[in-house]
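Same chain, two partners: chain A is paired with chain B first, then with chain C.
Let's turn to the complex of A and B:
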């Protein structure tokens, strides 16, 4: 497949993803949250009792679909390859702090784009912070940062995470009393599309993301490093298609899916500095991880067990974020959250330095 | 002359290899791994030369070396086979 064909494929896929994200809000997801990997993993953590924040507890079928969609596509295209062993503990920590950064901002890179498409101008600060964080990460990549190589693992290892997704699907359908769901009207966790719709949306987006390697970190990283715009175009097209869809749906009276401004935005706050700092942390950590939270889910489906560990890191980070009151709310960031983001920046920088040291001299 | 693509476990590995290619007098370019070659999204080096370039010193950073052929890629070296 040549570059032009790859670009056309990614444009079509991203346009479909943007439309799906917009429609998921119509079907019941919170506004500007057709997809949010950070929020959805956080909701799933809550449903499993890893945190007790009642407003954000629900096993999100979109996550299940993303993993299984990628898994099925990778199997079909013979790209399912089970590998891992590249600094899993470090990846877990990076995942946890990436999540703390996302929950300071209230969204992952994917939701940053969707918030902008819904007219939430606070996301501009998040986007600037995210790009800055990636820029800092790239400085380390160029100086020799590496978490070392992955190794081939037994096939069964790669099937574990997809099987866990099937178990989660059974749990969300069966809804046994041990699983915690936000009660009706109790918060964002109670706002969701029907299970089958969420699942199908996740499956489609997971499959498309696997084929196109769509990655919010990769888009900015590749553009800075190589002036390669392919993945960045995907980013822009998701924004454009969700924006157009939001405007049309708002225009025909389906709901208010576009509301331009800073104030009164859904599941968002107006603190520019901490919106930016949260996403600097997320961008920095994700660059060191090699991909955004969406990409980690997709790679998990392809058999990358390092990404599975990263997803667990993201989930545990979400649990800490709510147990220790680090996550922001519509009222703004918390003091605990600000301290955690600063600690996160220090820890991620220390990881970057520790895994870079001495490499430049080898050059 | 043949066209080769070498993929790596780290971005820095690609930068070092590019310098090695320069030393061999090959025209080399650091770039994202083509989708048609891999589903992973790392960095690779594409270069033109009579032979592929491999050096013991850089071996632990190289994932694979392929030669571009008319219907795709022919694997010359893969770390998974070692």
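Let's turn to the complex of A and C:
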């Protein structure tokens, strides 16, 4: 694929992704949350009983679709490649703390863009923090930080995670009583598009993200590191497309999808410092992981078992976040959450140092 | 034959950082092996921006990149 064609492809794909994200809110998802990988993994954790926060329990079919969409596209394009073994335990911990950072802010990098596109100016602090966190991660990358190489694994290993998604799909459709769903009107978990719509949206976005390598961390990272703009263009186009779509839908009276300001934003709080610090943690951890939560889901569909472990780290991090009251709410951050973010920054920095030391001499 | 860089098993941005570091020596030729399409695309894009041409040979799901100025 030549460079110009690559750019056109990512612009079209990102425009479609922005439109889908905006439409998902019309179809029932929480406002400014057409997609949020952190929130949706958290909801899925809750539905499986890993945490008991009743307002945020639902098996989000978007997640299932993202993995299966990537899986199908990777198989079709002969890019399905089963590999792993690059410091999985470290990745699990990084995933867990990335989630704790995201839930301090109330959104993953993808939702940061969507919150901005909905007029939520608090997300500016999140974006600044996210870019700073990536900047810190890059300092270590330039000094030789590496979690070392992956190795080929047996093909069956790569099918496990997609099969688990099919099981989750059966569970959300069958809705047996062991699965916990937020009751009607009980919180963000109760707000969702119809299963089939969410699933198809996930499948399309998963396939497009696989093809284009779309990654919110990669966008800022590659631009700072190499002045490479491809992924950053994707990031910006998702924002522009969702913004335009939100403005049009609000203008024609479908609903209030754009509301400019800091106060009263949906599933958000106004604490600038902790919005930024949460996303510094998420940006730093995700840079060390090599990709944002969306990218981890896409890679897990391509057969990267380290990304599967990362996704489980994210889900367990979400469970801890709600069991220990670390997650923020519309009222703002919690004291426990602030302590956890500080601990997270220390742990992620320690991981960065431990995997950087001596590396530049080896090369 | 230029300097050989083995980036198999590594995912981006590491292979690109490796070629960037190698290019500090300003050689006219490098050889690189990567084992995934994304890395191949990223290294190719970076090397092209630096004024190199890249020839790719695929063998057993590994990509051999011949990077020349």
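Basically, the second predicted complex is superposed on the first by the 360 of 363 C-alpha atoms of A that agree within 3 Å, B and C clash if a C-alpha of one lies under 4 Å from a C-alpha of the other, contacts with A are read in each partner's own complex, and residues count from 1 in each chain.
Just so we're on the same page, a contact is a pair of C-beta atoms (placed from the backbone, for glycine too) under 8 Å apart; a residue touches a chain by one contact, two chains touch by 3 or more.
Source: prediction; values computed, not measured.
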First (chain B), second (chain C), both or neither touched by A:295: first
Which superposed partner A:18 touches (first chain B, second chain C, both, neither): neither
Contacts of A:213 with chain B and chain C, given as first, second, both or neither: both
First, second, both or neither for A:143, with chain B first and chain C second: first
First, second, both or neither for A:228, with chain B first and chain C second: both
Touching partner for A:109 - first (chain B), second (chain C), both, neither: neither
Chain A positions touched by chain B in one structure and by chain C in the second: 1, 3, 6, 77, 79, 81, 86, 141-142, 146, 148-150, 213, 218, 222, 225-226, 228, 230, 290, 363
Footprint of chain A on chain C - complex, ascending: 8-14, 16-18, 20-21, 35-38, 41-42, 45-46, 48-49, 61
Of chain B, residues touching chain A in the complex: 9-13, 15-16, 19, 30-32, 34-36, 39, 41-43, 60-61, 63, 79-80
Residues of chain A that touch chain B when the two form their complex: 1, 3, 6, 74, 77, 79, 81, 86, 141-150, 152, 210, 212-213, 215, 218, 222, 225-226, 228, 230-231, 290-291, 295, 302, 359, 362-363
Chain C contact footprint on chain A (complex, rising order): 1, 3, 6, 77, 79, 81, 83, 86, 141-142, 146, 148-151, 213, 218, 221-222, 225-228, 230, 290, 304, 363
